[in-house]
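Got some structures for you, see below.
What follows is chain A paired twice: with chain B in the first complex and chain C in the second.
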Partner chain A sequence: MIKRYLALTRIGIMRVIQWRGSLLITFAGNIVYLLIIYNIWRAIYSSSPAETVNGMTFTDTMVYLVLAMTIFNVLNIFIVWIMGEDIRSGQMVLDLIKPMSFRSYTFFSTLGGNIVQFFVVFVPTFIIVNIITGGAIAIGLNIFFFLISLFLAMIIFFFIEFAVGTLCFYTESVWGINIVKETMVLLLSGAMIPIAFFPAGFRNVVNYLPFQAIYNTPLRILTEEKMPLNNILQMLFVQLIWVAVFYIAGGLFWNISIKRITVNGG
Partner chain B sequence: MHKRGLLFYVKIYLKIIKQDIKSKMTYRADFIISNFGMIIQQAAGFITFWLIFQNFPSVAGWKYEEMLFFYGFSLIALTPMQCFFDNNWFLQQKVYSGDFIKYCLRPINIFFYFISEIFDLKGLGLLTAGIAILAYSWVQLEIAFSFLILLILIVNLFAASLFLIGIMNIAAAVCFWTVTGEIAMVFAQQFQGYARYPIAIFNRVLRFLFTFIIPIAFVSYYPSLVFLRPDNIPLLTWLSPLIGVLFFMLSYFIWMKGAKNYNGTGS
Partner chain C sequence: MKKIITLKNVSKEYKTLNRREGLRGSFLDLFSRNYKIINAVNDISFEIKPGEKVGLLGPNGAGKSTAIKMMSGVLKPTGGEIFVNGVIPYENRTKNAENIGVVFGQRTQLWWALPLIESFKLLKDIYMIKNADYDNMMELYKSIIDLGPLLNKPVRQMSLGQRTLSDILASFLHNPKVVFLDEPTIGLDVSVKSKIRELILELNKNKNTTIILTTHDISDIDALCERAIIIDKGNKLYDNSLENLKKFFGSYRTLKVLFKKNEEWVDYLVNEDEQSVMQKLNEIAAQKKIVDIKIEEISTEDVIKKIYDGGIND
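Showing the complex of A and B:
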């Protein structure tokens, strides 16, 4: 049973490796982005009277933002675009008649992309960051919890993407829907500005939304070495709740939508 | 190919655009959602600055409202490119598929014909967000308003948009020579986003890069200094309209040279 799913993942990995060119774009784009945010945050911190702002030094902030960028690369596999294009072209009909649920099919075939990005982008960046900062990130049990947390974050992000992709059945607007999703996720998850910098009221609201479980949770588990085990388990539990909520709600939404759609050229 | 008058091109342009808008209006939901998305995206940019200034008094001496001024200015400057030159994104695909040959066979300017094909309505959301942000910072900074300053603003915005269009033209034209044109476009787009920051906060290497190689310093930083630092305006600010026109012409010649090299795909 699980074997046929893993076969899909293996095909996904091979497909992504074929696209070495796009990995190169990611890499070069990241370097430029790094230079820019380094300069911007250095300027921001230079005007601060204190070295630590909201418990974060310049180095903490940089480590957080750099790793957030690589998590973005790991998670972002364009499911909304793929689903939107499949709906538009009618290709989706062929996937719908496959002998497994469409959601599982999409998850396991895009998982390959996540895995490649993890090893090609995240792991090298993590090592380089740790060398440059002289070991800013402790290596111990936090790595283990981080990996669990990252995997849960990946599932939550996948469910959000899938729900937004389902929305494309109704709107025929892929670009608009996708940009709204991307903006909300990046801002409210703490990927652009760490959530520690949000004012208290705003932070409270954000804590009740699923987005912070995508970037903020794994990054905090990874970088805050003194975090008590209790807190870690609590954060992982919140992630699990979001997985369950999206699993059920997203599934319902999909089942309702699939009944009332018409696919072009089907 | 004989020369045609400007009036002829304006007439043709309006005709082509009318068709494009008609076809887009059949997807009204897409129009509304795309513009909404554009505005949400810029609202998030606004919130990002707001969050930074909740924690820090300034960014290397630049105030909150000044940062917003650069940002709003860059968004308005981005609008003409988004509205009128968006077809550059589809150039590579048309060059590889061979469809590009159709543009070479008409008795009108190739660049004009290709670019005129699409009028991207998403630009209107961008313009709305840009004007709102610029107006807000303008009022907050209590910058004097007069007919002369409005004139300078319009000239500077026009020049700034020429730089952006030029950058995208050159990036798009890369696909005439290599098969990796996509990379150039993605990069150029990434740099557009960096134009919203005052170039002075970057280190020397980036400042040089953004002034002389990929001239995004002219998109917002240099032209805005007229309003933000009127006592200390650098020479490059005054020269920017002239350099803008020259840069746009350069991009046009590069694009046209690529188009003239085009041999089709043989099919």
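Showing the complex of A and C:
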């Protein structure tokens, strides 16, 4: 049973590494982005009288943001686009006639993309960051918890994407919804600005939203080496709750939508 | 005899947006929507026995694809019921999917960027095909066509004919009880068409697979099917053996004549029992100068017209 899912992931990996060029462009694009955020945050820190802002040094912030960007690359494999296009063109019919649930089918066939990005973007960036900063990130048990947390983040992110993709059934267009989703996720998850920099009230709200579980949780587990085990487990537990919520709610939403489609015609 | 597919009074209505014309119309559509109900399939019933080869014939937009989508569980009928191999397809889509194979002539289920063999291996895992069964199937394929040049070719580099052939092979891979072929020969030239027909016949013979084929090309049905169901505007017009159909239309030919270059071809429907094509041609030539001629089989549209005119009953 599990073999069919692994087979999907395996072919997903093969499909992604076919396109060497696109991997290179991702890499180049990241360097440009890094230069920009480096200069912005340099300016922010030099205008502040203190060494640390909101409890984070310049190095802390940079490490956080660089890794956030690489996680963005690992997670973001354009599921909304793929689903939107498949719905628009009717190609989705071919996935619907497979003897598997459509959501698992999509998850495992796109997981290959996540895995490739992890090795091509995250691992090298992590090594470079650690060399440049002279070992800013401790290497120990935190890596283990980080990997678990990242995998959970990946599932939560997938569920959000899948739900937005399902919305395409109703709107027949992807562009607008996707922009809204992307901005919301990047901002509210702490991928663009560390959540430590948010105003206190806003930070409280954000803590109750699922988005912080995508970037903030794995990054804090990775970078805060002195975090007590209890806190780590608690954060992982919150992630698990979000996985469960999205698993159920997203599944319901999908079932209602697909019924509507099969009733009204796609 | 056991039935593998049963359709009982199946209907399918679509609600589509009636878009108004022009900029003003588009603007109005934003506020008030005007829906139109289309009866894609209208109270159709039929039964199909295991191993049968049935052709669903009809012009574009007749409701053939809708019927296929309902039988494969992608669409739910608005009325009536369907059983495929004892399963209600739209209520148990994944269970039904194990028993069927589907080919849509204008789409591919193969993985575009990868060599064909990778798609096969993946389908093997998805459908949980046993190694021995998979190997047997591959042996069978190799005995029918020359697989060698196809297996290691990325699907995106294939010609349309090769791709369709590969898609058909992929749909039979898990040895389904029923294979639906929706316009499999669309856009193919004559020699590839005949190759594809041979393949389908051979697979049907070897595995006793039930074949449901939709087409608007009457020659597909002629080459493949024992039984024809003709659908037009969602209604079933005819359901009987192909032989019976041929009794009525076997002697009909479409004579296409071109009178002037760059003009439209003019069609004449000739019943050879009454008048030979040559006689008709002489008749025409006596009145007008002919630039070019073509002789084709009777078109689906003409068959349907004849049925409406009461020329045939089943």
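Keep this in mind: the second predicted complex is superposed on the first by the 261 of 266 C-alpha atoms of A that agree within 3 Å, B and C clash if a C-alpha of one lies under 4 Å from a C-alpha of the other, contacts with A are read in each partner's own complex, and residues count from 1 in each chain.
We adopt the following convention: contacts are C-beta pairs under 8 Å (C-beta built on N, C-alpha and C of every residue); 3 or more make two chains touch, one makes a residue touch a chain.
These numbers come from a predicted model, not from an experiment.
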item: Which of chain B and chain C A:197 touches, first, second, both or neither; value: first
item: First (chain B), second (chain C), both or neither touched by A:3; value: second
item: Contacts of A:35 with chain B and chain C, given as first, second, both or neither; value: first
item: Contacts of A:94 with chain B and chain C, given as first, second, both or neither; value: second
item: Touch count on chain A, higher of chain B and chain C; value: B
item: Partner chain in contact with A:249 - chain B first, chain C second, else both or neither; value: neither
item: Partner chain(s) touched by A:47 [first = chain B, second = chain C, both, neither]; value: first
item: Partner chain in contact with A:209 - chain B first, chain C second, else both or neither; value: neither
item: First, second, both or neither for A:15, with chain B first and chain C second; value: second
item: Chain C-contacting residues of chain A that also contact chain B; value: none
item: Complex contact set, residues of chain A against chain C; value: 1, 3-4, 6-8, 11, 14-15, 18-19, 90-91, 93-94, 96-101, 259, 262-266
item: Complex interface listing, chain A residues touching chain B; value: 21, 24-25, 28-29, 32-33, 35-36, 39-40, 43-49, 53-54, 171-173, 175-180, 183-184, 186-187, 192-193, 197-199
item: Chain B - residues contacting chain A, complex; value: 27, 29-30, 32-38, 40-41, 44, 47-48, 51-52, 54-61, 122, 180, 182-183, 186-187, 190-191, 194, 197, 201-203, 206
item: Parts of chain C lying in touch with chain A, wherever the complex brings them together; value: 12, 14-15, 40, 66, 69, 72-76, 78, 90, 93-95, 97-98, 100, 102, 104, 107-109, 111, 113-114, 118, 121-122, 125-128
